[in-house]
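Listed next: structures, encoded as structure tokens.
Below are two complexes that have subunit A in common, paired first with subunit B and then with subunit C.
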Partner chain A sequence: MRAAPPGIERRQYLLEIGGAIALAAAAAIGLPRALELFAVINATVFVSLAVLALSLALIWGFGGILCFGQAAFFGLGGYAYAVAALNLSDTTYAVPIALLVPTAAAAALGYVMFFGRISDVYMGVITLTVTLILFNFSNSTAGDEWRIGAAPLGGFNGIPSTPPLNVPGQPGAALPPEAIFRIAVACLALCYILAKLVLRSSFGRVVIAIKENELRAELLGYDARLYKLGIFSLGGFMAGIAGLLFASCVFVSPTMFSLSYSAQIIIWVMVGGLGTLAGPIIGCILLQMLTTWAGTLRDISPSVILGVILMLVVLALPKGLLPTAFAIAGRLRRGDRR
Partner chain B sequence: MDVDLALAVLLQALTGIGTLVIISLGLAVIFGMMRVINLAHGEFLMLGGYSAILAVKAGANIWIGMLLVAPVVVGAVGFVVERVLIRHLYGRMIDTMLATWGLSLALIGGVTMIFGNSVSGFSAPLGSVAIGGFRTSGYSLFLIGAAAALVVCIWLVLRFTALGLIARGTMQNPDIAATLGVSPARVYAITFTIGAALSGLAGGLIAPLSGVVPTMGAAYIAKAFITVITGGSAILAGTLSASVLLGAVNTVGTFLTTPVLGEVVLLIVAIVLLRLLPRGITGRFFRGAL
Partner chain C sequence: MSAAHAVPLLETRALSMRFGGVVAVDNVSLTVAEGELRCLIGPNGAGKSTFFKCLTGQLRPSSGRILWRGRDITGADSFAIARLGIGIKTQVPSLFDGLSVLESVVLAVRRLHSEATSRARAVAALARLEIEHLAGRQVGLLAHGQRQLVELAMVVAPEPGLIILDEPTAGMSAEETRRAAELIRELNRRHTIIVVEHDMQFIRSIASAVTVFHQGRVLMEDRVERVLADPRVRDVYLGKSAERAKIPA
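Entry: the complex of A and B
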């Protein structure tokens, strides 16, 4: 990437953060008024999945870590939230637990992978395998003997009684879906800003340097393993937020760990544009809307449409939507100047 | 433990190993040799299963359906897929994954639209065989034999035929192969077609055991990938050694606990193995094997 003069770079950076806040505020205020209740809940799901897409955009697009198992942290966040909330019968303290569990899991898994110096492809397989273990395990927890405290794990059916978020400190006062939607939008905006801040910090710059050339960064004295571990844990933390939001507006079930989620996250990032933060969010929401729309068609199966679109995107837009759009815009601007 | 029980467990382990070999070989060719992450591998199996069933329902002999129709049909599908989709994506490993995921979705959706979302199947031939004090199905004995025969056939082709030599050379270095007068594009197309045909054959072979549904691929794809990757760069020795190890672990785990926990044990062993041998089994042992 060509380095812009510091003043312009700073202005663009502030513009992006300001734009994110403005967009989030507009969505949080406007959408619940404009949409019906069902659509609001649906939108909350989209937003929580967008947080998930953002988590992979960060660790893959900027950390160079292709994680096939982001769904593992998503599911762990959801399950930790559901189990803690059912046991405490209050979601106030379930929230920090739901963030701690996936972060710790990501740190442990990252330790094994980065300090074992496992190469790219095998890293993908290990993360995928961990997800599958969790999927198989959570599927096999039907029956009364599988319960953690007051929370039955429910096997294939998951935990349908997952409680929605309540007003902090007031277990009886469950938040309405509109409020949960607003919280989800706020979380998405905060995660985006957090990612921007991290990438601008000296830690983030080293992470990007390691992605560009690991050997060079190590020769300059940076311990690549530690930096990768850091960014990977941050990704696990964000996936945990996504899982918590998803759990509080739907409920947790083993599908959160499923292969189809793991692969979809990668697809959102690729369709939106690898190496950007906003692209994967856009890709996620667009593809979710497309899937929902395709589900309403009667004569043709939605997965056929989705599948064909994916193949076309790979062949026609290998860089993803956002970078392609920027490239076209850039070409037009240069054309104007001439 | 008495002899009969030990024999029964041994036979079950061999069946598990044979099944793993059968479902992994097609992927070993496509992913192991060509470095194309084929997420539609499970759907190739599914198409093989459906081809076999349709052939049997149309009155064909059950063996012809499984051993001939299934690989030919899926091989043809693989050829078309390679020409239309995959050939644009060589060297772009992550993109092959995205494109084949799309293919997998489209195939699941398309087959569901045509045949519906219900399980169909045909019963396994060969009845049951008495060994000592217990009976086992003759078909699982056949599967073990089929896996062994397939491995031997592929080894013979790769080791002793011109096609095998050219394919191995092209995968190692397409540019040098091209300077020697080989057309890499053609070799890739043939190799992919053979890989798809092997997957189709596998689908036909497992159809009597598992039944056939449009979504059946998901049950096999992860296991196949893990087997191939745990095996490492030598596709035959790798797939075989990984299948032996993981299949045995799976069977013993299933025997001691439940089928689901048996699969969990398989996956945990695969992770530990990759941590110890990051380049797969054949990165350390059996080096230079095929």
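Entry: the complex of A and C
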């Protein structure tokens, strides 16, 4: 973080928020007109995953908590939404349930980890383990006896009958994919702004300070555990939004909890730029577009392409795309002045 | 200084810290009165920093008690002890390298005051240490002496009841050390201070009660001139072989 005079810092902050709103509005209005239906659904998936990337960007990049288990909260959000929507035959109240479940799960897991003073390495192990337990569990729910009320969990196949969002209070009126895309874009912009606001608040500044030096923060009287719990729960909440959006535009299945998602989220954040919010969003969308394109190739697996790109980024741009772009822009500007 | 019957600000009773077979702090009973300026000396490895880690909650003592204004705080968490009003400048500066100097000092007081008051207090603390010009700089990019002062500003800004300074002049120039001595005397007008030092010149210049640590125990406790004249202290610092070496008196 560079120390800038308060005036400039404030102007940049407002510029970033304004930019986010403008971009989101342009995407929400423009893209559904320009794209075909299939592409709109695909774009919704990208946007929901971008919310997921943002959730990790917040807790890892600013809270210093490397969580290998964001996919767990993503999947829980999705499953909670699907199960609640099928049981209520209306998505109006499924939405708050889908946000509550992953947030509560993150709070419970965070409580155990932070108040147990578990070290960083074990935190990675625990979050990954929780995700894999959920993956294995959801995979083993194939039988007819595995149902929650009206919702069969479906094992490996997931819940193909996951309903899309409907107009609030009107169970019959399912929203068209274009509307769901717009909601997803609005959610992404809101989550971004929320993250910005939180990081600027005194709570957020303490969170950043704890990432910088936990001991010093404690010696100044801040209970680091509480702040970490707060930011971790917020990360779980955002991952839950991502899961809800994903479920609403496609359907839920155990792959949401898979190792491949857990790993990809980390790759998005690293490629986009750890320590930024916009970077991981950009990284996620670019890599998703790339993997989709790579999936159409016949002779090479998309995983290989993704792996090569990750290696290239780690070697050539260790700070990630966005910080590198800023550094280059800054150098050019300084060069002009000379 | 408070009267003899008054409750001391800080008291340890038979405090011990063992790491396996190693006894780093051995049965230390120490009393610091309100308003005092106490020097702690002793060679490296005498247990001073471990003793402070016990006082500030970074370590849970193996046995013994710590009393703050007569209240038992043994084994309390670091943040809880900090909230009581115990501030520490650690031996190796412990700072927020990614933040600016002003942001760091604001954080030190933000827990207690509003944003505006915190800023005003932070600016005042920087002025008190004559480092206002560093306010906008990133802490991680500062020179060692400046980092020491930034940490000191963070400790002083919330006006703690007790300030612990673990080797505040380490790595400072002669001129900076002289200023630090002045500053400590000045701080002592409002705060109780425990300071660890190796520089005898420095200790004499802030002239106060001295406690000597050796091998985890309190070797002696007395006025500065008596401590410095004591042969045992010379032995501890210089070893028997250097008995004739002089500590300037």
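Keep this in mind: the second predicted complex is superposed on the first by the 338 of 338 C-alpha atoms of A that agree within 3 Å, B and C clash if a C-alpha of one lies under 4 Å from a C-alpha of the other, contacts with A are read in each partner's own complex, and residues count from 1 in each chain.
Assume a contact is a pair of C-beta atoms (placed from the backbone, for glycine too) under 8 Å apart; a residue touches a chain by one contact, two chains touch by 3 or more.
Model, not experiment: these values are computed from the prediction.
Asks: Would you sort A:I133 into first (subunit B), second (subunit C), both or neither based on which partner it touches?
Replies: The answer is first: A:I133 touches subunit B but not subunit C.
Asks: After the superposition on A, what does A:A224 contact: first (subunit B), second (subunit C), both or neither?
Replies: In the superposition, A:A224 touches subunit C alone.
Asks: Please indicate which partner A:M311 is in contact with in the superposed arrangement: first for subunit B, second for subunit C, both, or neither.
Replies: It touches subunit B, and subunit C stays clear.
Asks: Would you sort A:G116 into first (subunit B), second (subunit C), both or neither based on which partner it touches?
Replies: After superposing on A, A:G116 lies in contact with subunit B but is clear of subunit C.
Asks: Identify the partner contact of A:V125: answer first if only subunit B is touched, second if only subunit C is, both if each is, neither if none is.
Replies: first
Asks: Would you check which partner chain A:A263 touches, where first means subunit B only, second means subunit C only, and both and neither mean what they say?
Replies: first
Asks: Answer with first, second, both or neither: which of subunit B and subunit C does A:S301 touch in the superposed model?
Replies: In the superposition, A:S301 touches subunit B alone.
Asks: Using the touch definition from the top, say if A:A209 reaches subunit B (first), subunit C (second), both or neither.
Replies: A:A209 contacts subunit C only, not subunit B.
Asks: Could you let me know whether more residues of subunit A are touched by subunit B or by subunit C?
Replies: Looking at subunit A, the partner in contact with more of its residues is B.
Asks: For subunit A, which residues lie in the overlap of the subunit B contacts and the subunit C contacts?
Replies: Touching subunit B and subunit C on subunit A: no residues.
Asks: Quick one: which bits of subunit C touch subunit A in the complex? Just the residue numbers, please.
Replies: So the residues of subunit C touching subunit A come out as 56-58, 77-80, 82-83, 87-88, 90, 94-104, 107-108, 110-111, 115, 136-138, 154, 158.
Asks: Within the complex, which stretch of subunit B touches subunit A?
Replies: Subunit B reaches subunit A through residues 39, 85, 88-89, 92-95, 97-99, 101-110, 112-113, 218, 221-222, 225-226, 229, 258, 260-261, 263-264, 267-268, 270-271, 274-275, 278-279.
Asks: For the complex, give me every residue of subunit A touching subunit C.
Replies: Those residues of subunit A that touch subunit C are 1-5, 202, 205-206, 208-209, 211-213, 215-224.
Asks: Looking at the complex, which residues from subunit A come into contact with subunit B?
Replies: Against subunit B, the touching part of subunit A is residues 66, 112, 116-119, 121-122, 125-126, 128-130, 132-133, 136-137, 139-140, 259-260, 263, 266-267, 270, 300-311, 313-315, 318.
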